[in-house]
Amino acid sequence: MHELGVVYRNIRRADGDIATRLGELGSATVHEAMGRMGLMKPYMRPIYAGAQASGTAVTVLLHPGDNWMLHVAAEQIRPGDVVVAAVTADCTDGYFGDLIATSFKARGARALVIDAGVRDVRVLTGMPFPVWSKAISAKGTVKSTLGSVNVPVVCAGALVTPGDVIVADDDGVVVVPAALAQKTLAAAVARGANEGEKRAKLASGVLGLDMYNMRGPLEKAGLKYID
Amino acid sequence: MHELGVVYRNIRRADGDIATRLGELGSATVHEAMGRMGLMKPYMRPIYAGAQASGTAVTVLLHPGDNWMLHVAAEQIRPGDVVVAAVTADCTDGYFGDLIATSFKARGARALVIDAGVRDVRVLTGMPFPVWSKAISAKGTVKSTLGSVNVPVVCAGALVTPGDVIVADDDGVVVVPAALAQKTLAAAVARGANEGEKRAKLASGVLGLDMYNMRGPLEKAGLKYID
Amino acid sequence: MHELGVVYRNIRRADGDIATRLGELGSATVHEAMGRMGLMKPYMRPIYAGAQASGTAVTVLLHPGDNWMLHVAAEQIRPGDVVVAAVTADCTDGYFGDLIATSFKARGARALVIDAGVRDVRVLTGMPFPVWSKAISAKGTVKSTLGSVNVPVVCAGALVTPGDVIVADDDGVVVVPAALAQKTLAAAVARGANEGEKRAKLASGVLGLDMYNMRGPLEKAGLKYID
Amino acid sequence: MHELGVVYRNIRRADGDIATRLGELGSATVHEAMGRMGLMKPYMRPIYAGAQASGTAVTVLLHPGDNWMLHVAAEQIRPGDVVVAAVTADCTDGYFGDLIATSFKARGARALVIDAGVRDVRVLTGMPFPVWSKAISAKGTVKSTLGSVNVPVVCAGALVTPGDVIVADDDGVVVVPAALAQKTLAAAVARGANEGEKRAKLASGVLGLDMYNMRGPLEKAGLKYID
Amino acid sequence: MHELGVVYRNIRRADGDIATRLGELGSATVHEAMGRMGLMKPYMRPIYAGAQASGTAVTVLLHPGDNWMLHVAAEQIRPGDVVVAAVTADCTDGYFGDLIATSFKARGARALVIDAGVRDVRVLTGMPFPVWSKAISAKGTVKSTLGSVNVPVVCAGALVTPGDVIVADDDGVVVVPAALAQKTLAAAVARGANEGEKRAKLASGVLGLDMYNMRGPLEKAGLKYID
Amino acid sequence: MHELGVVYRNIRRADGDIATRLGELGSATVHEAMGRMGLMKPYMRPIYAGAQASGTAVTVLLHPGDNWMLHVAAEQIRPGDVVVAAVTADCTDGYFGDLIATSFKARGARALVIDAGVRDVRVLTGMPFPVWSKAISAKGTVKSTLGSVNVPVVCAGALVTPGDVIVADDDGVVVVPAALAQKTLAAAVARGANEGEKRAKLASGVLGLDMYNMRGPLEKAGLKYID
């Protein structure tokens, strides 16, 4: 996180299929499967409702008001990547618009996750190119200071190492370390396994109190019912 | 508000029809009819545009990061209720997802109002099950500490007593004490009575200055026009 | 900004056609053409996705919780105007609803930009009458204290002089001083001129690094690639 | 909370001695003794470091930007009271300055707790008259709209009923319902009883792990030590 | 506000004696005398308690993370000035430290008011050199982009024209337009005139209700006392 | 960052003398020497003015509202350490008070840096035991869920690896990776070397414009002076 002016060209990406399957399970399930770790701050929101993406992280470290390194990052994108951009200080400027989005998309990027602002959101929505960001702002940026590409970054409170799996949807953005991707997928699949059955029971009127056998523990904890 | 570990099973609910009719009038009109009292803080937002709900309050007091009592609350829901959840400290965790929503809906709940976060918003939107919340977050919760059900709570700055009427839509969430529901409905209906006529006049180009006879009071207050 | 209780009836509006054309170019392009000046704070958001408007500013200075002057402002609206409302202290109350919107629309207003709250957003969305605001709130306002109309105001951090051009869309709200409107339009048109060509190149896989000739400057700045 | 324009002259105050003793124990200890309930939001801060006060609540409900009712409240103050002021909408205006403070002090008030702003803080600090507030602001207020005195209010997220005990210091503001004051005092005294002994042990190097017998539970919970 | 890269050397400063006397009256009194206009947002706080300053404004427009123009501004300072620094986008970086403070002080500046961050606050406090800022941050800035000096700026929500009077203390920062300085002083002096007498009355137990003859208006407004 | 329930007993600490010397240079100088990296968010504030500390990091990962691991961390403290506590979700509870502070101090800890709340600040100030935190809150915490000790954590936006150097003072909190400590000290000493000389020059009235030879670059960048 402390290197400036470097671009790592060869990063070890998590398996692409695993990334795709984690995305299908969704950020909430994956986050649970991770032991409730790795979630970015909830101020990170998709620019349009229903946005969904997952992939392997190409990271970018930017300076406030300077998007030069996004162009450098574009060259490092491979199909299936999600670009994750951190900034060295709080900033809401619109670092990313439809032109860079066109370039990212042409390179195979599936999404951008940026701890700052974006613009041209109507066009991005139409493409569609999903973005999760802290802000939306028409304010553009300069291209004058070096940052880095593919170094570990802290984005919206979460550490992202290049090649990690990113899962993003309406509920937020989760980071799965590459080394834990396989194991997390297994845990997430197991979690989701009997959700259908549970849903059917609950829909029929069965209470979670009974389905999860909570009455005993609640009584033991001292819960009192008053008529 | 200071009892923990209790569930009140018998609460006096406001009349369901009145709750429904207040909902049709909308939060802005009802809030005016209440003398501009009872509105939750404007950070409470619906998870999808156009959400609308009204009903009688079943209240829940939760601890940060712990949604155990939502399951206890489910059993207390009757058709026409709106669950109102307060937390003992600021928290944005995702307390509520599609499984509990399925259960709440099966019990007849019309909506959830929660001073914290929710998740699975895409599924909730599709059901649809309307939720007004402070945040959206994939972060799940544990089930380990007792709170209470159907005690008075402070939710997003507003006191909610079990059985109060809750009116929620795009403009926010209003609490109408059960004892004031009838009177508030009458006042709200009266307020809405000639809105159609006013709208037609304004649409035809008549100014509010003239329609509301404001020119005199403005002049008296000292307003000066400069050409 | 320091006059209270006055209404200026004759203001010098920027050219309406220029305002319209600036609106078509969008807030991001116009903001760039202005040298990245004149943008309101990014907390100003449209009440519905896809909202777009531009026009000449009629300004209003309001007191917290008091919307009296919006009625006074209505009379000063001419077709093609955008009403810009500032408040003398932070306030999130819902100053503006469907009735005043009907009146503003009948007078020819294209939009409202308000550094406070609005309500009746579902109806406003349906009309449609676009509004950019800091908040949405059911809380109404009183009509008891004089503010001013068509005085310079600071709205969401930007100085707005009556008659300035306002350009608002999903990316934010930009203020173009009337005296700079012509020149800004020329600069904005020039900026947009070869965007289509650039977009096509980027879509074909050409990198911004090459299209903008950045490799030399980046090397000179010391960027290092590590395999 | 829904009455406007009323002043209750006869309220049942908690015992003054109990209020004083609770104040000596401090907000943190009292809050624990309450089962961790009744704390106002942590944005409530004293205007000077080291401020401490406790007493019985005289409550005031104010409108945004209007401090008229503070004058009405002054007459209801008895020696040993703490005035608690809530506002019907978010506001940071400076409602309270050195003149009203002089009056409050002459009436025997020990402090003000206000979910809004204050001013003249240098003079207040010199008097000293302690205030806990959300903001400090030079912006004054008008005197034009009726609120209420001695009705239940929600202040900074906590319900305050007239006569409740207020305990305020550097750590925050806690509300103890009058009916629970005696019992809370007993619990708080018990909590504080062996703190001196504990402190001495910890100061001598004994670990909390041992003093509180945590090693067993931690091991049982699965804690692993890695060398 | 829309000129970049310019320094106005000759500005018309308000009278220095008036600035000094306004400072003695304090921001709260001056703000009232201005008709409650011209106050910066209350997030502007002094870096140490008890800070007080007033003077004539030298303005600076800065870019995010770039303090180059503070050096340019230093040359334009005359004894009795207060430097007012605005930034073109939200930024909390530490633009100002003890070295520039030494320079500003040597030039006769009385204070800095900056809508961003400062650092070296311990040294600044010791000098003492008073600063009102939005943040404190160790993060330094670069010197690469031109802003302007002595152009009108919007600082923390208030318009500041070079030469205006700035009054800053614990209660906040007020801007008095040069043209209104004389008149504002007269009004402020008048306001303060009988404050001593009022204070003595209130201290003796006289109520504001009686001293200000509020009982009649309150009764007329409908206030009810309930025993 | 993704391990829960583990305590690393043997960490490689940066050299203690270097940590001490970095502390003497201060957070602003060290942050510059690091290339402006490694600063925690500016919301991290000392609990009393003038607090200063530096040392080697013992890290703790906590859950919202649960301070159990602080007791586990106490045992891992060696003289010269600074405890750095991160939380898995936003929380303002008061995790740390005078009893744990007594224990930490007895073990040789120099300070606590916590991305959450603390309490007993009056006692902590008197000890003195310096703390940098996001909030102050009387709200206590439970002891029921395992976190970890001495794993890498993200605290207030900065990655902290156990053994890193922490430099904290009024200007904020900077993290220096252990591997960069020596080099950063050299750079920081070099930066501070001629500050005294510069300060003397500036105090004598020499302008930064001349001392730093900025006139040429400013002219080249296009700065215009207007009389």
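Labels for the chains are A, B, C, D, E and F, by order of writing; each one numbers its residues from 1.
We adopt the following convention: a residue touches a chain if its C-beta (ideal position, glycine included) is under 8 Å from a C-beta of that chain, and two chains touch if they have at least 3 such contacts.
Quick caveat: nothing in here was measured; it's all calculated off a predicted structure.
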{"item": "Given subunit A and subunit F, the chains that contact each of them", "value": "B, E"}
{"item": "Chain copies touching (subunit C, subunit D) - same or different residues, decided at half shared", "value": "same"}
{"item": "Centre distance in Å when subunit B and subunit E are each reduced to the mean of their C-alpha atoms", "value": "41"}
{"item": "Between subunit E and subunit D, distance of the C-alpha-averaged centres to the nearest whole Å", "value": "31"}
{"item": "Computed distance of Cα centres, subunit D from subunit B, in Å", "value": "28"}
{"item": "Residue numbers of subunit F (touch at least two other chains)", "value": "36, 39, 89-90, 92, 139, 145"}
{"item": "Contact graph of the chains (line, ring, star, complete, other)", "value": "other"}
{"item": "Pairwise chain contacts, counting only pairs that touch as defined", "value": "A-B, A-C, A-E, A-F, B-C, B-D, B-F, C-D, C-E, D-E, D-F, E-F"}
{"item": "Contacting residues of subunit F [partner subunit D, same complex]", "value": "5-10, 48, 68, 71-72, 74-75, 92, 94, 97-100, 102-103, 105-107, 117, 119-122, 125, 135-140, 143, 145-146"}
{"item": "Residues of subunit A defined as touching subunit F within the complex", "value": "1-2, 4, 34-39, 41, 88-90, 152, 154, 157-159, 177, 180"}
{"item": "In the complex with subunit D, residue positions of subunit C that touch it", "value": "63-65, 89-93, 139, 142, 144-145"}
{"item": "Touching residues (chain side subunit C, partner subunit A) in the complex", "value": "26-28, 30-32, 36, 39, 42, 45, 49-50, 169-172, 174, 195, 198-199, 202-209, 212, 214, 218, 221-227"}
